[in-house]
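Shared chain: chain A. Partners: chain B in the first complex, chain C in the second.
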Partner chain A sequence: MSAEIEDLLKRYQNYPNVSGIIILDPFAIPIKTTMEYTLTVHYAALISTLTYKAAKMITNLDASNELVTIRLRTKVHEVIVLPSENYIIIVVQNPGT
Partner chain B sequence: MSRSSRLSVTETQRKSTPVVKKAVIRSRSYDGDAFVNLFAHRGARDIMILDSHGVPLRSTCSQRRTFVFVSNLKPLLFMARNVVRDLDPSNDITFMRIRSNMGEIHMTLGTDFILIVVQKLRRLRSSSTS
Partner chain C sequence: MSKIYLKAMEDVVQRNTDNTNRITEQAQGFVVSENAGDSLLHTSFDLTTAQSIVKHLHASFLKLAQSCVRDLDTDDKLCFLRVKTRKHEFLVSPEEAFTVTVVL
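Presenting the complex of A and B:
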């Protein structure tokens, strides 16, 4: 389990422009983070709620469909959420224009 | 569905009356031929245009399907906007993309309108990092 989390962290950290990575467990508790703690808790609470709502919405539209990823593009940065069975991975990146 | 039949379906759907009739004449038309044909050519299945409050104005699919999508996506859109504003009050969401097993939903939030494009995937990819 811990080795798996380390592998995930290294994998996403190697991408350019990545400014923060948070890995949550299914109960929205941060397991690993590269960001500041208060900001991590803030992201964890808000993004996990949005992820659960999006997963429910996708199932509402089509019962055999499943949520794979969410991308939130904002003015400043981009938040990529990857929900999987055991973790929710949140990657914050600053894409170049 | 082949490409030509998809285009013909889009052609038929575009001629239907708008979902919400408004008395005010708009200076811009969002569902011109080039716009819809371009999206249809690139795999877009449905295109919906809402106003900034989430009322559907135009759509390339039926009213029932538009209603199903809007009733599901509208609370999600406003929740995402609140999430971004909560994290940083000076920030604002511009684009949202939800990818599922069978398709993608792209949502563009402008100041005047919200554009929703529902897109199908050509083939199922094993990697989910995109």
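Presenting the complex of A and C:
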């Protein structure tokens, strides 16, 4: 598990434009982060709530379907959320437009 | 007032028929809803499916996503939202007065 997380961090961190990576456990506690701590906790609280609501929303629309990923494009940056079984990966990137 | 407003929206929908036809060539369908009252404006789905998408996705989840982005940075704004599931993908574009969702 820990080695797996390290591999994930290394893989995503090498991408261009990636400005931050946070990995949460299922209880929305940050395990690993490349961002400043206060911002990490802020992202963790908000994005984990959003992820759980998204999973529930998908189930409401179609009971046999399930959530794979969420992408939030804002004016400043883009937040990509990848929920998996044991943790939630949050990647913040600045896509050049 | 509301009737005049809805009439204007219907005119916009009529003028964009070419665009919506092009969307339906690539995607499963689309849903357009008004932001003020979360009412359905235009869709290529059947009414039950469209109302379900408006209720769960536009009225509930999109508002939550927008408030999350606002909480993280008060100057920021949600421009586009993609929710990928195992069966299909929802592409949500929130605008000033209406919201467009394309289901891929």
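Everything below uses one rule, namely that the second predicted complex is superposed on the first by the 97 of 97 C-alpha atoms of A that agree within 3 Å, B and C clash if a C-alpha of one lies under 4 Å from a C-alpha of the other, contacts with A are read in each partner's own complex, and residues count from 1 in each chain.
Everything below uses one rule, namely that a residue touches a chain if its C-beta (ideal position, glycine included) is under 8 Å from a C-beta of that chain, and two chains touch if they have at least 3 such contacts.
Because the structure is a prediction, the values reported are computed rather than measured.
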Worksheet item: Putting chain B and chain C onto chain A via the overlay, clash or fit?
Response: clash
Worksheet item: Which partner does A:R73 reach: the first (chain B), the second (chain C), both, or neither?
Response: both
Practice prompt. Considering only the touch criterion stated at the top, classify A:N14 as touching first (chain B), second (chain C), both, or neither.
Written response: neither
Discussion item. Once chain A of both complexes is superposed, is A:T38 in touch with chain B (first), chain C (second), both, or neither?
Written reply: neither
Fill in: Partner chain in contact with A:N65 - chain B first, chain C second, else both or neither
both
Worksheet item: Which partner does A:S2 reach: the first (chain B), the second (chain C), both, or neither?
Response: neither
Practice prompt. Name the residues of chain A shared by its contacts with chain B and its contacts with chain C.
Written response: 42-43, 46-47, 49-50, 53-54, 57-58, 60-62, 64-76
Worksheet item: What residues of chain A sit close enough to touch chain C in their complex?
Response: 42-43, 46-47, 49-50, 53-54, 57-58, 60-62, 64-76
Worksheet item: Which residues of chain A touch chain B in their complex?
Response: 42-43, 46-47, 49-50, 53-54, 57-58, 60-62, 64-77, 82
Worksheet item: Across the complex, what residues on chain B touch chain A?
Response: 68-69, 72-73, 75-76, 79-80, 83-84, 86-88, 91-103, 128-130
Fill in: chain C residues touching chain A - in the complex, by the definition given at the top
52-53, 56-57, 60-61, 64-65, 68-69, 71-73, 75-88
